[in-house]
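The next part holds the structures, each set out as structure tokens.
There are two complexes below, and they share chain A, which is joined by chain B in the first and by chain C in the second.
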Partner chain A sequence: MSGEHIKVLLAKKKIDVHGRGSKLIARELRDAGMEVVYFRFGVVAEIAEAALQENADVVAVSVMTSGQLQIARDLIPALKERGMTQVLVIMGGIIPEVDFEPLRALGVHRSFPPGLPGGVVAEYIRENVGKASLV
Partner chain B sequence: MEAVTVPAGEVVAGSVLHAGRLITQIENGRPQARPVLRALAPYCGRAQLVGVTGPPGAGKSTLAAALIRHLRGQGRTVGVIAVDPSSPFTGGALLGDRDRMAEAAGGDPGVFIRSVASRGASGGLAAAVNDTVDVMDAMGKDVVLIETVGVGQGEFDIARIAHTVVLVLVPGYGDALQAMKAGITEIADVVAVNKGDAPGADQTAKDLAAQGFERTGPDGAERWKVPVLTVSALRGEGVAELAAAVDEHHAFTGATAWRAAAERARGRSRFTAFVADRLRGELLKAAEETLGDTRPADPYGAAEAYVGALLNAHRTLSADIPGTEQK
Partner chain C sequence: MTSLTSAKFEAAKRAWAERRARYAAKLRPARTLSGLPLKTVYTPDDTTASDLAEMPGVYPFTRGLHPDGYALTPWMQQMVFGYGTIEETRRKMEKMVAEGMEGYFGHKVFNTVYDVPCMYGIDADHPEAVGNIGQCGVHMSTGDDYDELIRDWDLETTNFSMITGDNCLPALALLAAAVERRGEPVGKMHGNSMNWYPRIAVQDVPSWEPRWGYALMIDLIRWARANAPDWNPANIFMYGLSEAGATPVQELAYGLAWGKSIIDAGLAAGLEPDDFIGRLSFQIGCTVNVFEEVAKFRAHRRMWARLCKDAGVTKPSGMFARVHVHTSGYVLTQQQLMNNNARITLQTLAAVLGGVQSIHTCSYDEAVGVPTEQSHRTALRTQQILMWESGLRDVADPLGGSYFIEKLTDEMEAAAWEIFDEIEASGGYLRGIETGEVKRNIDNSSYEMKKMINSGDLPIVGVNRYVSQEQENYEPFRIDETIEVKARARLEAYRAKRDQAAVDAAIEDVRRACQNLKDGTGPLMPALVDAARKGVTNGEMMVPMREAFGWYVSE
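Take a look at the complex of A and B:
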């Protein structure tokens, strides 16, 4: 088959109506040549289960209406439990920068503030995919 | 990325982690996948393979979700292969089918959904889908649903893979419906007119049913009258009837020469796909090496001579291909 593509699972909360930003990111990553599975989750375990089935290289979570720390607390162990120890985990949306370090400590490799110029997220993924591990 | 050999035993035992990795290797055409697929072969052939096809936005994913719920209600486990188109410009893809099915799956270990990008290769895609079907089959899934990219978006031959093809249409298609007729007689075993909650569905179904579509079996003997059903995937209406029609078709083809012929055709097409794959990679490389650094004055003539010599050599091979059964 033709080449290999980075597979990204892009998840957002089902009850969160803000869809514009995550769809923008989805398109940006697609246009960077990635295969993006877009889906809305109810509970965090669904993200981990989907990442497993899709064998995602990257799990990206869009958080617009807070809850990022709790999501990270649930998500990282759920991924590890399933043996997804090599997956790159990122977050973005409306996340206050004071949470970036606590999110890192919980295992989220990188969080992005809103309003970034296009291409930044794709570039970060390309540089870090396959090198990450969940600690 | 990583390409370790996946333990076949883990896949047979139902490990989603290992099955997921193996499918990635299949998609990427990794040679590591080949011996694993061979090891899985004895565990394949039990799953019921159902294709879901139709124009973009007809409700294929929503209907697949409704079918998943129905099948789970019957205690049957389900694998889903959902294909969405890749961008021909960037090679990237937005895979949105899972989102429509998420509610039906919702962490149920009896459901395994895998999104696949078409990657622009209709021939190669068919091979990858066939192999992915085997992975889910070997995992013990009772039913494998295959959602194609919308008809007319680089369709691969779902009829060669699935036991039963469900063609999903929507009311108000007008002229497009005319165009669909070719597809109905060629691939559809069951027609579902979806969005039955919207006006015009019953009329469309009636019009289609009046056409009396029929499929003829491989030896021209058995005939299957293609049922036309109205469903609402969104409301779950008519889904039980649709599932029953699919099962009926499956039982019918299984009881006649139909299925055996289809399985033979599937085996043959997989054989040729596999041979083509290796020839393209390895033989072509060997041919180039034969050419070495020389620059042929007559490339066409040189190619003719090379292929002629190759075919001659092939004729001297044993006529039997090892690993095939005479039937």
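Take a look at the complex of A and C:
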């Protein structure tokens, strides 16, 4: 659905610091033609609620100071409870590669290491948005 | 120059130009990270008489703060550490001492980072703390925690550097109360409060409303001056600026403007220049760009000394830019993790050649998470190898007098003054936070750098050069999630043994003192110290503070 309008809720968890990576990815996704709602300082329920209110196609969570598994354990059910079973969920930031698979098992469709061109993330979103389901 | 050497030099320059004439037009023009153009060769034509007429330990200190550099005592090894509860962190403190981590003249230095809940000012039982307790720093919120922090350490020869967030004042109050409980005078405390309020401009975190942020900062400075004169009450967090994306020149300019804003606020509050300016210090980032970083540290010392002199400081030691370097984390890559050891070595080299006072070396695996015991030790050993094997500490300012370094120092200084003057003209750093201007400019630099990395114009090995598809599957340090249970149990046990009526009254006193500080009719710190004596926790002190001083989210 490359020609369509894509809305991304880019969330940074409430208890975090250093926002360089998340702000860069926000800008790079905008450069790629997506609408990005930058949502900071949310606990998981607030992130899920914002995703619903904004009717986001994609929920992207940026993590600097760890807690990614905990977030995924809470976020995926919170999105499902709100009926957002078609939303694409991605994560990025200071996340060890060895957590990518456990995150996938929890329902996060894809995790990205830091430092990649935003275009790589944009491409993944374009290819997968609308096709995902939360299991 | 005599005419004989001058003639010889002119002849050499002509021969040089002849040799390169064939290909010179093809050379790719190089720039520093800050965008300053570089030549391929520097000569005496690039230096000035005043560049060469300086000595280390003499104003304006371009060549270093001390006449003999590191010969008398090397830089302080101040590794950042802290995780779990104080029990885990206390073991780590002892281990670091056993590993030889030390400050000036063998003193102990503990550069302890708090977890993010403590920085925000919430205790372990707060719902928002879940998942973050003891994760990226130590969770310390009670009197018991602070008693354990200082247990058995000699206060005269131990430095407690507390990497706090908004809980900066409560943390100092809790430390002071612990010192009193040990029966020792608060005046014996050595260490640092970060007092990083102005970081709000650069980190994506909420904090006090700007004017109250500055009022709190000055309140701490004033209390420390009266009660703990050896305490360093404020640190200018230039590292935060560069981590957010500032170029080295922007880091200099905004960092000095930040320092100037503390000077201005202190003078406006009636402090005398010699009473507080000399106790301000810096934490600065350091990239792998060795020469630019060396020039940055040299320019920084000179510029700060001038600002201090202009502000009315009379003692030369009061004009010292005392610098702790935190090797820049943003240059580390998750791709091909071990490569980071080469980067960290270069960063440390630049800091040492730059003549700084104290260094934290990042661990190579910080691009993945919290360092392991092994990677943390290798980071410390990197400093120790430079300190003991390399000969780097034998000669003060070994690059001083280099045509290139002197020229680059001058150019960075000039470029930084230009930005500094602009921000001063538009109302200073505090105003720059309020308008979001500082943050916008830094964000833009970060974005420009990312574009250069994406395009390959800024080569990063493993990221846009020599890329590997191999998975590293590096297993980082994990902090046991049962730490949360332990932290909550410690908190509960502490609360159970307090005199609750005294605690409630002390919190009310803090609430009143917050109002007094806002009204300009009284200080806050004494009420916080008293609250700490009564058993009020970090998170409990922050409640009335947050009510009084607002909660401000920058643009």
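By definition in this document, the second predicted complex is superposed on the first by the 128 of 135 C-alpha atoms of A that agree within 3 Å, B and C clash if a C-alpha of one lies under 4 Å from a C-alpha of the other, contacts with A are read in each partner's own complex, and residues count from 1 in each chain.
Keep in mind that, in the parts below, a residue touches a chain if its C-beta (ideal position, glycine included) is under 8 Å from a C-beta of that chain, and two chains touch if they have at least 3 such contacts.
No experiment lies behind these values; they were computed from the predicted model shown.
After alignment on the shared chain A, the placement of chain B and chain C results in a side-by-side fit free of clashes.
In the superposition on chain A, A:A132 contacts neither chain B nor chain C. Taking Cα centres throughout, chain A sits at the apex of an angle toward chain B and chain C that amounts to 100 degrees, reported as a multiple of 10.
Legend: residue contacts after superposition of the two complexes on their common chain; A:R30 is shown touching chain B, with no touch to chain C.
Looking at the shared chain after the overlay, A:V63 reaches neither chain B nor chain C. Shared-chain residue A:R82: touches chain B; no touch with chain C.
Of the two partner chains placed around the shared chain by superposition, chain C is the only one that A:S22 touches, whereas chain B remains out of contact. After overlaying the two complexes on the shared chain, residue contacts for A:F41 are found with chain B and with chain C alike.
By the touch criterion stated above, A:I71 is placed in contact with chain C alone, chain B being left untouched. Of the two partner chains placed by superposition, A:V108 touches none, neither chain B nor chain C. By the touch criterion stated above, A:P96 is placed in contact with chain C alone, chain B being left untouched. Overlay on chain A (Cα): least separation between chain B and chain C is 6 Å. Within chain A, the residues touching chain B in one complex and chain C in the other are 27, 40-41, 43.
Interface residues of chain A facing chain B in the complex, by the touch rule stated above, are 1-5, 7, 26-27, 29-43, 45-46, 49-50, 52-55, 57, 82-84, 86, 129-130.
Remark: chain A residues 12, 14-20, 22-24, 27-28, 40-41, 43, 65-67, 70-71, 94-98, 113-115, 117-119 touch chain C in the complex. Of all residues in chain B, those touching chain A in their complex are 1-2, 16-17, 20-21, 23-24, 27-29, 86-87, 90-96, 98-99, 102, 105-107, 112-115, 117, 119-121, 124-125, 128.
On the side of chain C, the complex with chain A involves touching residues 116-117, 119-120, 127-132, 135-136, 165, 203-206, 243-245, 330, 333-335, 367-370, 443, 446-447, 450, 453-454, 460, 463, 471-476, 553.
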